[in-house]
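Look for chain A in each of the two complexes below; its partner is chain B in the first and chain C in the second.
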Partner chain A sequence: MQRYSSSSLITKVLCDAYDKNKKFRVIVVDARPKLEGKEMLRRLIKHGVTCSYLLINAVSYIIPEVSKVLLGAHALLANGYVMSRCGSSQIALLAKAYNVPVLVCCETYKFCERVQTDAFVCNELGDPGDLVTNSKTEHLSNWRDLSSLNLLNLVYDVTPPDFVNVVITEVGTIPCTSVPVVLRVKNVETS
Partner chain B sequence: MPATDFLNQDLIEQRDKFCMKLKKGDFNSTYDIASTTLHLLRRTIASSRWSSARELMEIVTAEGKKMMAAQPSETAVGNMVRRVLKLIREEYARCKGQPEEGEVQTESLHKLFFDKAQAEDYSTPIVNVDFKAVVIEALNEFLVELENSADNIATQALEHIHSNEVILTAGRSRTVEKFLKQAARKRKFEVIVVECAPFYHGHVLAKSLAEANVGTTVITDSAVFAIMSRVNKVIIGTHTVMANGGLKAINGSHTIALAAKHHSVPLIVCASMFKLSTEYLRSNDQAAFNKFVSPHFVQDFSDGQVVDKVHIPCPVFDYVPPDLVTLFISNIGGNAPSYVYRLLSELYHPDDRDL
Partner chain C sequence: MESDEIVAFFTKAMDDDPDLSAAIAAIQTLIEFIKLSSADTLVELRERLKRAIETVTNTDSSVTSVSSGCELFLRFITLTALDQTDFQQCKKIMVERGKVFLETVASSRDKIAKLAVPFITDGATILLHSKSRVILHTLVAAARANKRFQVYVTESCPDRSGLEMQRRLHQAGVPCTLILDAAIGYIMEKVDLVMVGAEGVVESGGIINKIGTCTLAVCAAQMNKPLYTLAESFKFVRMYPLNQHDLPNEFKYSATVLKSNSDSELLAAHPQVDYTPPAFITLIFTDLGILTPSAVSDELIKLYL
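What follows is the complex of A and B.
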């Protein structure tokens, strides 16, 4: 089982499963510059779960051993695209290429009515300085002096619905494309 | 091996120093390894005593095996040994007055079925020509070709890059760096460099390109899929070209190749011919294929609580299957991955495949 970056929801899911005596192994995949996976790794170890830890570019090496991929989400768009931490789409892409099921865990309050097809039209930019400071060798420490050089720190990306097998929500297990249905039902309930 | 008694002490020392350096991983580029191997083999041929081509090939094979055993993941050593052996065979055939083996299709089905009796022995000594001088001259020509290989690739740059393109590259390949800088002289384009943690070679390349006034953007490895919709071409280098046309490239290349395929972006690989190896990917778990380095790049040893309980693999290479590669650009021109098997039979003799 493999999960990406940090999500308190996924940590809870895994810890609950461990408490119910399910035997499994977790591979935590992490990416620069935030390296949020380390925090999740610490929590899982404290709980006693057997873990491995990888950077995202080593995923191609480990994916043949993986049985499921768990992703968290920041939002689920109305056309079925999953907006999540930058790098999730890559993991989903690799999982699809190796026929590994991808499960997205997402509460229904994260469903939104926007539609988007690529990661550029609407995204957040992080601090470009983060790309420099985390490296052991500071090649880019004077990057601002070079006018031709830019550092791009994307925070989110969108995963197409054909890479995701199923979305797990508190109202049940639904496919990605059912987002507008759930939204409609919720609107009817609240209005 | 009686032939090795003729090798002088100095040469043995040099060879052992080279093996030591290989083991420690001190070389910066595959080109340096290939070049040093060739120089050592040239010295071996020049200073050892042999009376026939067969004896010479045995000496070269023995030396080559020792060097290959020092670092099996560095295929460039084996490639150079095989090239030298093929060279010796060709020169022998030429001196004997026979047509070169390239003209006679050794691998054609007709030959396989009917000409079994004519196995070449290479043991008759050549008297009328100074065979040693002939071989050394051929080796020198080969060395010149090796030195110019990166420049030959760079001269093809203008045919593949047009203006206002966005090109994605990963890590730091000296071949790709020369390629892009050559194109930047006449065309204006943008380059996006993937940084390739945990070694961050991408940073070095980005700085070098920006200093050459090429518009460069550095992105993290996690942004590859997100950025691929914006990219026109992906141009990467590789450590080795496998015998089926696949790649043994830097960590993260498989993801880049898959993302490029999904967005229908052509993947171009710039690699010189000395990187073409006779190896195949033997098993899917990459046990014999990949090399692993210390996990301290990923997770500091100072954090004992984590390091104690967690398995942290840190592979160096990635296998990219041949169906994801669009084009190979080498010093002898552009080729599709399906043609790589033919290049193999031109560069190496089938008897040398398993040394």
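What follows is the complex of A and C.
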């Protein structure tokens, strides 16, 4: 089982499964610049789950050993696209290529009526300085002076519904394409 | 009604009318059970009904459609205002609603045939897998509508039910050729469309059907032939398998095989059904209309919520 970056929901799912004596192994995939996976790794190990840790550039090495991929989500768009931390769509693409099921865990309050087919039309920019800090040799230390250089630190990306096998919500397991159905049902309930 | 009486009634209903779907026979048995039940409260009746459903699913018939049909029947009859003070009155209402459910379900094959016949064009070549009463009904209706078409049926081992399908199609006057299961790749270039039945339609939009359906679906998708599934709406199951491994043992093996084998021996037994993912299915014809695989979840949400 592999999971990407950090999500309190997925940590809870894995810890609950461990408490129910399920035998499994977790591979936590992490990426710069935020390295949020470390926090999740810390929590899982404290709970007693067997974990491995690697960076996103090594995922193609590990994917043949993976049985399922668990992703968290920041939002689920009305056309079935999953908006999540930058890097999630790469993992989903790779999982699809290796025939590994991808499960997205998402509460229904994250379902949104917006429609987006790519990650450029609407996104959040992180601090470009974060991309520079890690270098041992100071190649990019004067990046602000170079007018032809632009550092792009995107925070979110969108994953198409073809790469996601199932979305697990508190109202049940649904395919990615059923997001507008849930939105419609919830609108009927609240209006 | 004791469990052996339930099984006896169920098997008699199936034997009396071989064209009857196993799920419909099960629902008839359950209505009879409610009529004869000596329960005094709704909760007790519900508990006994659940045990009766277990008894019926433990027979050697198609477990998938029986369990989904019974589940939907139970929801349908209890989803009414049962606030009468007299329990016998409640039981009468439940039996009446059960009969209404049965009537809507019995007419589902006609509705499906009506929707599917326009998709069979004149001069078409159709590939079928194993035996399906819904498809038989549809093809007979198409033949009566004076459409000319040719049919290939797979033999479908291990029980060779394709032979029975060929016999019934010949009876209806439809030209039909039997092919080996292994000849699917060979014949695919000659066919215009592929039609299969289903024992169950799952939440993802995929189907559970006789073993060999997944192979057929992959081959059809690769050679760009449409795959149409014909299934009644009571076959919709609240299950979400991610791959073949997620199918429960009760669906894959018949009840006698499950009882006589331990877990390790089951690995040697051959499964009777497989799961076809929604990516390979073009359209699903049901009595609720013609659905794309992604619309199945929509219908299930409507049926269950």
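List of remarks:
Assume the second predicted complex is superposed on the first by the 187 of 191 C-alpha atoms of A that agree within 3 Å, B and C clash if a C-alpha of one lies under 4 Å from a C-alpha of the other, contacts with A are read in each partner's own complex, and residues count from 1 in each chain.
In this section, a contact is a pair of C-beta atoms (placed from the backbone, for glycine too) under 8 Å apart; a residue touches a chain by one contact, two chains touch by 3 or more.
What you see is a predicted model; the values in this text were computed from it and never measured.
For the composite obtained by superposing both complexes on chain A, the positions of chain B and chain C are free of clash and fit together. By the touch criterion defined above, A:Leu154 reaches chain B but does not reach chain C.
Applying the stated contact rule after C-alpha superposition, one finds that A:Leu125 touches neither chain B nor chain C. Shared-chain residue A:Ser89: touches chain B; no touch with chain C.
Looking at the shared chain after the overlay, A:Val59 reaches chain B, while chain C stays out of its contact range. Judged by the touch definition given at the top, the superposed model places A:Pro101 against chain C, while chain B stays out of reach.
In the superposed model, A:Cys51 makes contact with chain B only, not with chain C. Note on chain A: of its two partners chain C and chain B, the one contacting more of its residues is B.
In the superposition on chain A, A:Val115 contacts neither chain B nor chain C. The overlay of the two complexes leaves chain B and chain C separated by a minimum Cα distance of 17 Å.
When the two complexes are laid over each other on chain A, chain A has no residue in contact with both chain B and chain C. Interface residues of chain C facing chain A in the complex, by the touch rule stated above, are 203-205, 240, 242-243, 278, 294, 297-298, 301, 305. Chain A makes touch with chain B in their complex at residues 31-33, 38, 41-42, 45, 50-62, 64, 85-87, 89-90, 93-94, 97, 118-120, 123, 131, 135-137, 139-140, 143, 146-154, 157-158.
On chain A, the positions that touch chain C within their shared complex are 68, 101, 103, 165-166, 171, 173-175, 177-178, 181-182, 185. Residues of chain B touching chain A in their complex: 192, 195-198, 200, 203-204, 206-207, 209-211, 213-227, 229-230, 251-252, 254-255, 258-259, 262, 284-286, 290, 297-299, 305-306, 309-315, 318-319.
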